[in-house]
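Heads up, there are several structures right after this.
Two complexes, one shared chain (chain A), two partners (chain B, chain C).
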Partner chain A sequence: MAYFGNNQQRGELQELFTDLNDLNFDKKKEAIKKVIAYMTVGKDVSQLFQSVIKCLEFQDIEMKKLIYLYIVNYSRQKPDDAIMVIQNFRKDVRKSENPLVRALAIRTFGCLRVPKLNEYLIEPLKDCIQDDDPYVRKTAVLCVPKVFEVSPELCPALLELLQKLLEKESNALVLANLIQSMREIEVVNGKQLILMNPKIIQKLLLAIDECMEWGQIFILDYLATYDPVESKQAEIIIERTLPRLSHINPTVTFCAVKLILKYLDHLDNGDLVKNLCKKISPSLISLLSWNQPEIQYTILRNISLILQKFPILFENEVKVFFCSFNEPYYIKYEKLDIMVRICDSKNFNQVLNELMIYINEADPHFVRKTIKSIGKIGIMYDKALSEAVSILVEFAKNVQQANESVQELFIQMQILYRKNRNLYKTNDSLKILFNILEYANEPEAKSACTWIVGEFAEFIPKSVDKMKEYIDNFLIEDRLVQLQLLTSGVKLYIKYPSLCSALIQQLINSAKDSFNPDVRDRTYIYWRLLSTDPEIVKNLVCSVPTNSSQFQKDIRLWETKDLIIALENMGSISNLFHKLPNQLYKNIKIRNNHQQEAKIYKADEKQDIPQKEQEIKKEDQNQQIQQQPKQDFDLLNFDEPVSKSNNNKIDVYDLI
Partner chain B sequence: MISSLSFINQKGEILIYRVYKDDISRNEITQFCAKMIATKENKEFPIINIDQTSFIHISIKDIIILATTKTDVNVAMVLEFLYQLVLIFFDFKSKICKSYFQGNLDENCIKKSFVLIYEILDEVLDYGIPQIADPNLLQKFIQEGGVQQETTINIEKLRQLTFTLTGAVSWRPIGLYYEKNELYLDIIESVNLLISAKDTVLRAEVVGSIELKSKLTGMPECQIGMNDKLLMGKQQKQTRQTIGISIDDMKFHPCIRLPKFDKDRTITFIPPDGHCQLISYRISENINIPFKVNVFYSEIIDNKLEIRLKIKSIYDNNIYGTNVLVKVPVPKNTVNAITATALGKARYEVEEQSVIWRIKKFQGDFETSLRCEINLGATNKDQVWSKPPLRMEFQIPMFTASGLRIRFLKVMEKAGYKTNKWIRYLTKGGEYLHRL
Partner chain C sequence: MFSQIFILSPRGDTIINRDFRSDLPKSTPETFFRQAKTYSGDANPLFAVDCIQFAHIKRGGLYIVGTSRFNLQPAMSLELLDRLAKEIKDFCGVINEEVLRKNFILIYEILDESFDFGYPQLMATEQIKPLIVNDPIQPQPDSVMNSLRPKIQTFNIFVPNTIGSQAVQRSVLNKNQANEIFVDIYEKLNVLFNSSAYVINQSIEGCIQMTSFLQGNPPLKLALNEDLQIGRQQGQYSAGVILDDCNFHECVNANELDMNKTLRIQPPDGQFVVMNYRISGDYAAPFRLFPIIEEISSSKIEVTIKLKACFDAKILASYANVRIPIPKQTANAYPELLKNAQQETAEYDSNKKIVEWQIKKLQGGQERSLKIKLTLQATQTAHTARKEIGPIAMNFEIPMFNVSRLQIKYLRIEERGNTTNPHRWVRYITQSSSYVCRI
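And then the complex of A and B:
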């Protein structure tokens, strides 16, 4: 029975050939099984095509299935031989009383994908679409997109049949397959095939209750692309969808959530919206504690999208996102990300307390993300600032080696200091940081360190020596560090002109011949300014930025206009990667979105909802205006460490 | 939809490979396999997109089940489908390779039953679109191993089968008969608990599952009543016994009539034949936490650590917890541990890096303690010990942490037979964590 046996001798094909042509039925069957086994491991057994299809004359279903599998695999290599099978298929479809055989034949026929065979397929396929047996119909319906993919020119009549079937079909499963099949064709074709009317909607809603889970997914997913004409209609569809929130298949639940969330925009009744949100929220949270981590992950990836438009759903639910010790890291990362997004002026303390625990975990990458998140929360909420710093300082006390997380610590501390200069006093933070400066080895972290040394020179006992150490290594540093060294060196010179005159000379000497134009330019600017009017330099470099509102609080994942499209595609692969479908798939065109503003569902006090919305809109506009001149000063960038160009911007900000 | 399905072993070899759409080549899969074996990261993330092809996979022990697609499909659906596929195989396997493999999908078994697997794969997906994935139904018309041979001959029966398959009650075939009619309900709750180092409860949640096993004749109509607060409030005036519990969320097997539940919260259904998970639920309010744990770590001298642990059971004293296991984490450089306890056994297990305390039977309303003296080696003292949480596992029969009770279980069938019913309760420790 070991079909995957290791003793593969030379004459195996010959042997199989003999067995296939043997008169003994059992021997034939065994031989066919062997052929399939070889096919599976990737061996070419296409030479046996003729012998294999000869075996089709037997009425044994199991063998038939195997032979069909073989034919599907090799039909494109041997189109001429495949013609010989056509008669068999047609006979099965037309003559067999057994619905399973009819369905099997039409299903396999569709999979041949040889253009010149397809014309023989059209007539039997038409019969099958009109078969009395629903099992045959549901199979036939799925056969149409297969044919359409290979030879669309043959299909107009079939498409018409499908449209007719949509009108009159009563079996829920066939209907669900029909919808899915027509959608597949729509994707290839680019034309709308399903013509919606209230009657069909009514039918689909009925079918949801009757068909199996996958069918429910197809229908819900399709309905979610539809725009209801009026509030009443939206209400009815939502009402019929609500029970699906309790389905045991997480995808059914999720599709129902998707549909309801989309239709919320079309509802007039504000109280109803609130009630619905209350119903959706527990369902979604159950999905988050689903016992299969992979599914949990897909849901989590979608939450950050939902969160942007519907913060109301996760009001007071931040605990749901707390990481558990044994979870896979890909889930922990997502949860961390969401915790920062969900964090607001009320619960930041809770979140920070939780993050404080993660900081002690073993995985350095996770700790790094945690530190980053703490920094972000500190930046976002003024009140959280000192708490964030004290957590980070506590962490800094225990640092004993140069690892990934320490690098992030320097970067975040620098940003926090920038926000509020007086923080250096908190818990001796500056002193503790200074003790571990040597652990910085990533360019960004180093640049953060040099900034700290320059900025707080007067509070660091040996700041000049430290700076000298850095400048000695100037030439081997990264561009990012060099730029920061220039600014910090000048800062130090302004503060201690007599002590640092040799230092600044050395710095300018090493920098002025740099190959990097940015470094060179900046050197010359400082050089000239220092030689003409040091007072200007002082104002430039040492001024304390008073305007800390420069630090944006915008952590939105999506642009408003993209948000709408993204929500329509909730659950899809592109969405999982936080991209729009057309960004991931070149051949997909997305619907143009005319809606410029998205309604945000916030949980707030009962009064003046509209006013709030207006405020949000205004805010949006303001932000857009602001964004233009200064581009992205994106300290809260969620992805990998802030890119170089961004840092350049920070330096410019330092200069001006 | 799904372009292909393949089963891959740990070495990255393809065991089963079935194509549903023409847009993928075997080459792409082998390349991906090589990549996945090479790096841990690829193996970890459930979905990876390479040049417009998405590879979605789950791992069951040593076997990786991989689906590929080139379209923008619903990921959760594909994943759920893969999981259901595994369930189907388990179910089939218990009937086919009976003595060999029990609830275990391994390479040998796949190779042995590849004909069957291809047959199943042929039926569950068509053009990459999920079709019938109910194991009971699939068995009815898959021919391998002589299962249901006779139906292939009887055309009338076949018709019935296809109508069941596509009908509204697809999970239950017509014409079942049992000598004895029996119905079993198992209520299994697992408690997820997270307690902070300061002894405050950060999260307490019960995830429960109601499992049904039915051996019933005909097309019975069943109804279950639970002490659900929303339902009880509607039915009668509240007395002391009838104050129900509030359930955050419930998820139902397809057989339960969802619209009916949505309307008046009654749970009615025609049960599938055999075993199924009927309801899963989640409760986060008023949880009876079964064990209270107090733990103190103290350093006696430089390389000696003392751990004192106290556990108190907070359930009725006529109930017993069984197989209680406490994992007390100890530092990496532990040399040995001297333990002292009045109940059960405790010892240091190197591979777990913890002292494991096992108690076979734990009476309700009882307190016991453990004292450990840990001797530490002098090695790498600089490294900080990232304290993992203390974990607990246990099983408590006849107890529900949420307080959920089945109030009634009705079976109605036109034949009017008598049904034997069993209801069992069990509470287990899920993620039962105590931070240190």
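And then the complex of A and C:
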């Protein structure tokens, strides 16, 4: 069978070979089209290389385009044959009157990527860089990084030529390509190629107005990496960039935003900064309303980043981030996240009212995120606490089955109780929660439930029975639940020593031989303490803090120095994942940044958004001392799994 | 930037494959297709396999894919692919497998002019037109493929469901074309009502879109309302049309917009968006919904919904659909229309627990209503179940009507001594984007 198949293919090739060598021009052309068609679907037609090349003698441009396509594809397989083409290329570049042909030749030449052919390329390329026709120049300029990649040793002369061209070039498209190819070489080379001076900046600014959208993106993106020398210069560049904010291409707008935001740091006029912010925020909001959801998503991911440095931008704009019912969930999740970040002491009511409605949505995962967000807001603002609790309690009343959102409810309620222990009285919350305890099935939620049972044992009628139920299943529980069970069991024993003596014995017996060293160690510590002096244990485990503790959360996404790097890469894939470029790509080196402080742009009014090192006092500090740090982190960590993997981020809590 | 761009058929065959940088294995299209097939629905527009970033869009059933090893801008890569698709469509008229296979050489030409080394170069149809030597080959009208072809997709953001534009399926290279230009003003409405029909949040996303077949691309002058104002000051009330923000296509010179309310346009060939705008202020919502929920007994609820069309009686909405989610614990639901109802249907979908109310044509000023009788399962009482009703969402389209009152006063050809008088077609369309009433 295989033999037969082979034979057939050879038959096809044979036919093409005959046609290619036919004297009839049209027949040749048809044959070449067929060759390209085979090439596209992945059949090997490299054997025809010589016959195809022969057809280059015709000056028909359509034929040329096809043959070049073929050569580019097979040159690396047949470097020796490819040498034969060189003469043709050089002729095209040197002699042709038609700029299209010159550009075509130099473009194809650059794509050959055969090291030993490149030395023949340098001279024609030099000519093309100095060509009179901008179309040829723009093609030639992009050809340099192609050559540089394969044989960098041949390039110093070319690079010099590029630098000269940058000084005198006036065509916007060529300039844009020039900037882009020099940047690419800079990355590989590690040396600075583009030497900025006021004249070049002036030229680039003029070019922005003239070139096409993609060129604008290249230039704006490059300017955004530049540090202006003084306030006046920054002001001029911003001035010229402002019209780009109303460009129809979202990437152009976004690059302009990126540039202006970066340059704000260099301005010394406070009023101007405020005015600029007023101009930027409508553009950013518009990006969210006109585009496809995919693009909206990328913008939203970046907004959560921008917000950390520029809370001022979306002051009073929280409504923009309200979810509408027909949006894809990935957009809704991002919007929720941003709503929490934007929430402040003035608008938390508005946000909570909106979140209250999301809680009735059908998608359990979305509801879960909503509950988490409500919890976060409750933790952040003391005034929002009771409102948050009453929304959650209302939700708890309607719970009828164990699903994802109920798990989150327990976790958030535990955290809210920790912030203010007296909340258990609000709206019968404790009673309502106790009725649905059986729905907890995730380890984290279960551990929250055991904490609640232990902490509020005296207010729960059947707390001892419930604890017994838990302890009976001790061995099959997750480590997280086991650890919490130990603490809660001890609490219960302290509260009802006579009722629980058998219970605590059972607990210690099942835990002391645990395979998990954490569980085992904690068991022994409690055991020893209890046998030495129960009074100490009582002080440690059950002490009720006198005043409701200030227990706040740092919602910063990035550390300051990373924030600056992240803002420089605004709009890129790495930011979409909320990572630094060098974490995502091994081949990217980041600029070393010595700036330790990022200036935060806030609105005038004093707000209590936590943003610097928060003073976080711990409630039940005594109790926490006994818990190992890891456990602590698990209980209090609010962050999504994604950001957990972000190892550049500091731990969410600084313990005092 | 892009390392490769390839176009795959719905079965994963390579139709077009252009490698710009040769830094990725040749089998990348297969890697892409295998990964794309692992998604249950449509694949994510962006994903990564082994450090290769894939960005793709789907047009006419085909995958148009760009690959890269760089930290590229995702929004930009999708936009580039979309633009490429638009170019191909401008040249070939439509995008489908047959047309692309027939015109693959033309497509390679387009690709080579649009990208060099993976960087976007010239991406506007009229810019690359002089550089392209191949003519498009039209598919045989009687071929089997043709009749099986799915409905043609258009690339504008707004796709009207009812009015097909004649401008959609034409190639820009068609020499014997009529000298005409189409102008569309689309508006999408976002409105959120509370249960007493009070508006909580509303906005309009609009755009002016042109499809130009003008010979010689003469400069145009487009005049908008005289009371137009751009940028909203806080607490300002004005009788005019106030746009919160707007943006323009590259070919538009908006310098005179503030003074004379005119735009100067150097129209490219084919379809383009002249201007996008956004309005967040108050406007009269075209439809109002009045839901009434009554608990008849502990297991029975009656929902009555009144729909009022609050626009001029001369205007006809081409359709209006209302979706009412009902409690999960519903045992049965009977939607009842009024006795004299015409061109209306109401159906209960017991799987999704949704009542769909569809109205085919609705004249301005008219009122319709629907009554739904719900019987609940024994596990839930009417009092808790009523909270699960809603939110009610509406979908509609109203041709020859726009809410913002943004208007085209005139569209002129600027050249003096131009004797030809091209046909100018203007239409207004208003659609719902998110039109929701909470209960």
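Everything below uses one rule, namely that the second predicted complex is superposed on the first by the 534 of 656 C-alpha atoms of A that agree within 3 Å, B and C clash if a C-alpha of one lies under 4 Å from a C-alpha of the other, contacts with A are read in each partner's own complex, and residues count from 1 in each chain.
FYI, a contact is a pair of C-beta atoms (placed from the backbone, for glycine too) under 8 Å apart; a residue touches a chain by one contact, two chains touch by 3 or more.
This structure is a prediction, so every number in the text was calculated from the model and none was measured.
Asker: After the match on chain A, would you call chain B and chain C a fit or a clash?
Answerer: Once both complexes are aligned on chain A, chain B and chain C clash.
Asker: By the touch definition at the top of the document, which applies to A:171: first (chain B), second (chain C), both, or neither?
Answerer: first
Asker: Examine A:585 and indicate which partner it touches, taking first as chain B and second as chain C; both and neither are also allowed.
Answerer: Touch status of A:585: both partners.
Asker: May I ask you to decide whether A:133 touches chain B, chain C, both, or neither, giving the answer as first, second, both or neither?
Answerer: In the superposition, A:133 touches chain B alone.
Asker: Return first, second, both or neither, reflecting whether A:515 touches chain B, chain C, both chains, or no partner chain.
Answerer: A:515: touches no partner chain.
Asker: Counting residues of chain A in contact, which comes out ahead: chain B or chain C?
Answerer: Tallying touched residues of chain A, the top partner is B.
Asker: Once the structures are superposed on A, label A:146 by its partner contacts, choosing first (chain B), second (chain C), both or neither.
Answerer: both
Asker: Just checking: does A:41 make contact with chain B only, chain C only, both, or neither of them? Give me first, second, both or neither.
Answerer: Both partners, chain B and chain C.
Asker: Is A:209 touching anything from chain B or chain C once the two structures are fitted on A? First, second, both or neither.
Answerer: first
Asker: Once the complexes are superposed, what residues of chain A are shared between the chain B interface and the chain C interface?
Answerer: Chain A residues touching both partners: 33, 36-37, 40-42, 61-62, 65-66, 69, 73, 100, 107, 110, 113, 138-139, 142-143, 145-146, 173, 177, 180-181, 212-214, 217-218, 246-251, 253-254, 282-283, 285-286, 289, 291-292, 294-295, 298-299, 319, 322, 324-326, 357, 360, 362, 398, 400, 569, 571-574, 576, 581, 584-585, 588.
Asker: Give every residue of chain B touching chain A within the complex, in rising order.
Answerer: Going through chain B, the ones touching chain A are 1, 14-17, 19, 22, 26, 44-47, 49, 52, 54, 58, 69, 71-77, 79-81, 83, 111-112, 114-115, 118-119, 122, 126-127, 129-134, 141, 143-144, 152, 155, 158-159, 162-163, 165-168, 170, 192, 194, 196-197, 202-203, 205, 207, 248-254, 258-259, 261-262, 277, 279-280, 282, 382-384, 386-389, 431, 433, 435.
Asker: Could you pull out which chain A residues touch chain C in their complex?
Answerer: Chain A residues touching chain C: 33, 36-37, 40-42, 61-62, 65-66, 69, 73, 76, 100, 107, 110-111, 113, 138-139, 142-143, 145-146, 173, 177, 180-181, 212-214, 217-218, 246-251, 253-254, 282-283, 285-286, 289-292, 294-295, 298-299, 319, 322, 324-327, 357, 360, 362, 398, 400, 569, 571-574, 576, 581, 584-585, 587-588.
Asker: Mind listing the chain A positions that touch chain B in their complex?
Answerer: 1-4, 33, 36-37, 40-42, 61-62, 65-66, 69, 72-73, 97-100, 107, 110, 113, 133-136, 138-139, 142-143, 145-146, 149, 171-174, 177, 180-181, 184, 187, 209-214, 217-218, 221, 240, 242-244, 246-251, 253-255, 282-283, 285-286, 289, 291-295, 297-299, 319, 322, 324-326, 328-330, 354, 357, 360-362, 398, 400-401, 569, 571-574, 576-577, 581, 584-586, 588
Asker: For chain C, which residues count as touching chain A in their complex?
Answerer: 13-17, 19-20, 22, 26, 45-46, 51, 53, 69-76, 78-80, 104-105, 108-109, 112, 116-117, 119-124, 127, 131, 133-134, 157, 190, 192, 201, 203, 205, 207, 231, 244-250, 254, 273, 275-276, 278, 325, 379, 384, 387-388, 391, 393, 433-434, 436, 438
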